[in-house]
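Which chain is which? They are A, B, C, D, E and F, in the order written, and residues in each are numbered from 1.
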Amino acid sequence: MATMPLLADDQMTPEARAVIDDIRATRQTDFINNFWRALANDPALLKRTWDSLKAVMGPGQLDPKVKELIYIAVSVAQSCEYCIHSHTAAARAKGVSDQELMELFAVIGMAAETNRLVTAMQVPVDDVFKVG
Amino acid sequence: MATMPLLADDQMTPEARAVIDDIRATRQTDFINNFWRALANDPALLKRTWDSLKAVMGPGQLDPKVKELIYIAVSVAQSCEYCIHSHTAAARAKGVSDQELMELFAVIGMAAETNRLVTAMQVPVDDVFKVG
Amino acid sequence: MATMPLLADDQMTPEARAVIDDIRATRQTDFINNFWRALANDPALLKRTWDSLKAVMGPGQLDPKVKELIYIAVSVAQSCEYCIHSHTAAARAKGVSDQELMELFAVIGMAAETNRLVTAMQVPVDDVFKVG
Amino acid sequence: MATMPLLADDQMTPEARAVIDDIRATRQTDFINNFWRALANDPALLKRTWDSLKAVMGPGQLDPKVKELIYIAVSVAQSCEYCIHSHTAAARAKGVSDQELMELFAVIGMAAETNRLVTAMQVPVDDVFKVG
Amino acid sequence: MATMPLLADDQMTPEARAVIDDIRATRQTDFINNFWRALANDPALLKRTWDSLKAVMGPGQLDPKVKELIYIAVSVAQSCEYCIHSHTAAARAKGVSDQELMELFAVIGMAAETNRLVTAMQVPVDDVFKVG
Amino acid sequence: MATMPLLADDQMTPEARAVIDDIRATRQTDFINNFWRALANDPALLKRTWDSLKAVMGPGQLDPKVKELIYIAVSVAQSCEYCIHSHTAAARAKGVSDQELMELFAVIGMAAETNRLVTAMQVPVDDVFKVG
């Protein structure tokens, strides 16, 4: 039910295959999830997306596990079903427990509720919060 | 420019004042931000919201600092200006650095981009991600 | 700070003026809010929008007051500042009290929270809910 | 396809079972929909959510039937499939007719359209709408 | 799994049938997609929606093909699965290639990312951009 | 009112300055809008974002003018005020007329309305639309 074909390895251009091979090497698994097979329809977009993802989600100031939680939070707020499934799986693979996930969901739900209350009442920003 | 008046302490009902006093005691500061002054128009809603916030954002499986980052991520995804300002201030107060914030923003932006690519291509969920 | 000029009466085409006159006659007031002055840049869009609004928001199965509450709920869920302000004013003009507004906001906030919890857990629709 | 298991009654903790029993007693039916079975993975979150829902959706300034319409409006604006199904069923159970639902949908659609027009033209809030 | 029945031709009122016949004549095909069969539950809403769609999506300052791309962009940003499928099909019927679609998706993804970065940093509008 | 400082040229690292210089050379103007001054707080993110933007928004299968319209559509659907202002200015600079903009807005509004109707009625995707 995709709007773009999910390409098998032998349907990809050499440029796309090179990116797929790097994903396999980086993740140390042969499994390639559907997102990358769909993106392979545009090899330049595939490469740019993978390069960015490696740079953004890798180790940095924040722990990769925390980054997965943030990624899930955005995906839930934007109602992206595929993203929620794939990054919940990724979070579990990085050691996130079910209890931590439920606590993540509680924060997401609470933030959604208070966001709407703030918006409904059109609360003005307190002067003390302005830093820029 | 709020749609509801921001109540001063002496305009609140005793029930609302009791909640405000608990916020001051819990946060160990006299400062009450506009969100609570707007909510005070409905003392029952004020009490329920504060009680939930204390339960959800306090220590648990996840670090309170991590919870603030998740809260900001939801607020950005939902474009709530007030929430972004107040919780960025809260995150800084809990020791989050500017470098960590910029990294948080990079994850949020990346998630937004890949979410939309997934949605546009209507990528089906891989069987291996299905756990429920 | 609009992206389109807000037209004064004498800057409009006769076709646009005719719509504006009908808004004045229908609402029994000379005041024309900025939304219509911006739409007047495209007289056909102005006419279509006003005709639809009259048909949809007028009396029907649902009370016009209830329709205003629904309109505000959508505007809050979509974070449209102008829409929240203009339709909260419209609701008050139709007799909606501050207590009713606060209760409306509580339902909006609660719905936002449980929506996110459902989305985060990807809860499948119960068979009993399927009617189509 | 949920990200969390949907717990059967005998898989729940006693704390979660007590909440489920209260839902059954309050609604006077044995049927428990999937939302609560998913939330039961976190008994504290389950209890907080049910207590809030009872307080917010019960009788008050606004009629419970009107509250269901508002709840649906938010769920549509946020594209929550499960929420739309469960609350449309709840609305029908409270006596909302198909004609009323179609009229509700017309208001939701109209609000979505004019919201986007306002946002696109960045219409400034009229001074007369500012009350806070 | 719809919340409203999808009406067959012989289940519609004469008023609804007249609109359906006009859709067939305008599109020069007997096929009527589900959206119109659902809307037929409210003949007045069906007529208003079809009349508006013909006026808005037809030839004008912008090419109908470009309008389809814009329509898809909005549908992706709002996560409307049905809308993405039906308008991607419509775009292809109007001669849009897979390469153009992938480029469209890249722009949508890029816009989503930079939108979130702007929102997270709360970047103030440059004076030079203000024209209204 | 930003959450991050808007850096002047002499407050940037050499790495950030090099990107800013490339923006100036590419656009053939000395003016740097606030978005880039905010991103300069994270030179790696600044570089990645600018490189992607150049690749995505430049000439390709779709006309750069059409890409700006798509960009605006996404920004409106996501309610990003800054993005709407900056890309409406960019569209005008590329020769988009006010009449074309109003027509763009009409399509965006119409898409938002029908998206919500589809979502409210939970219309199932027609078999004929499924291609993946």
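The rule is short, and it goes like this: a contact is a pair of C-beta atoms (placed from the backbone, for glycine too) under 8 Å apart; a residue touches a chain by one contact, two chains touch by 3 or more.
Chain by chain, the UniProt names read as follows: A, B, C, D, E, F = Carboxymuconolactone decarboxylase family protein.
In this text the structure is predicted, and so the values were computed from the model without any measurement.
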item: Those chains which touch chain E and also touch chain C; value: A, B, D, F
item: Farthest chain relative to chain E (centres taken as mean CA coordinates); value: B
item: Chain pair showing more contacts of the two, D-E and E-F; value: E-F
item: Rounded Å distance, chain B centre to chain D centre (Cα mean); value: 21
item: Where chain B and chain F are represented by their mean Cα positions, the distance between them in whole Å; value: 27
item: Approximate Å spacing (C-alpha centroids) for the pair chain B, chain E; value: 34
item: Sequence positions of chain E contacting 2 or more other chains; value: 1-4, 6, 45, 49, 52, 74, 76-81, 84-85, 88, 99, 103-106, 108-110, 112-117, 119-122, 124-125, 130-132
item: Category of the chain touch graph - line, ring, star, complete, other; value: complete
item: Chain E-facing residues of chain B, complex; value: 72, 76-77, 79, 81, 84-85, 104-106, 108-110, 112-117, 119-122
item: Chain E partner contacts - residues on chain D that touch it in the complex; value: 79, 84-85, 88, 98-99, 101-103, 105-106, 109, 116, 122, 124
item: Footprint of chain A on chain B - complex, ascending; value: 1-4, 6, 31, 33-35, 38-39, 45, 49, 52-53, 56-57, 60-62, 66-67, 69-71, 73-78, 80-83, 85-86, 88-89, 97, 99-100, 103-104, 106-108, 110-115, 117-126, 128-131
item: Touching residues on chain F, where the partner in the complex is chain A; value: 1-6, 44, 48, 52, 55, 125, 130-132
item: Touching residues (chain side chain F, partner chain B) in the complex; value: 1, 3-4, 41-42, 45, 49, 74, 78-80, 132
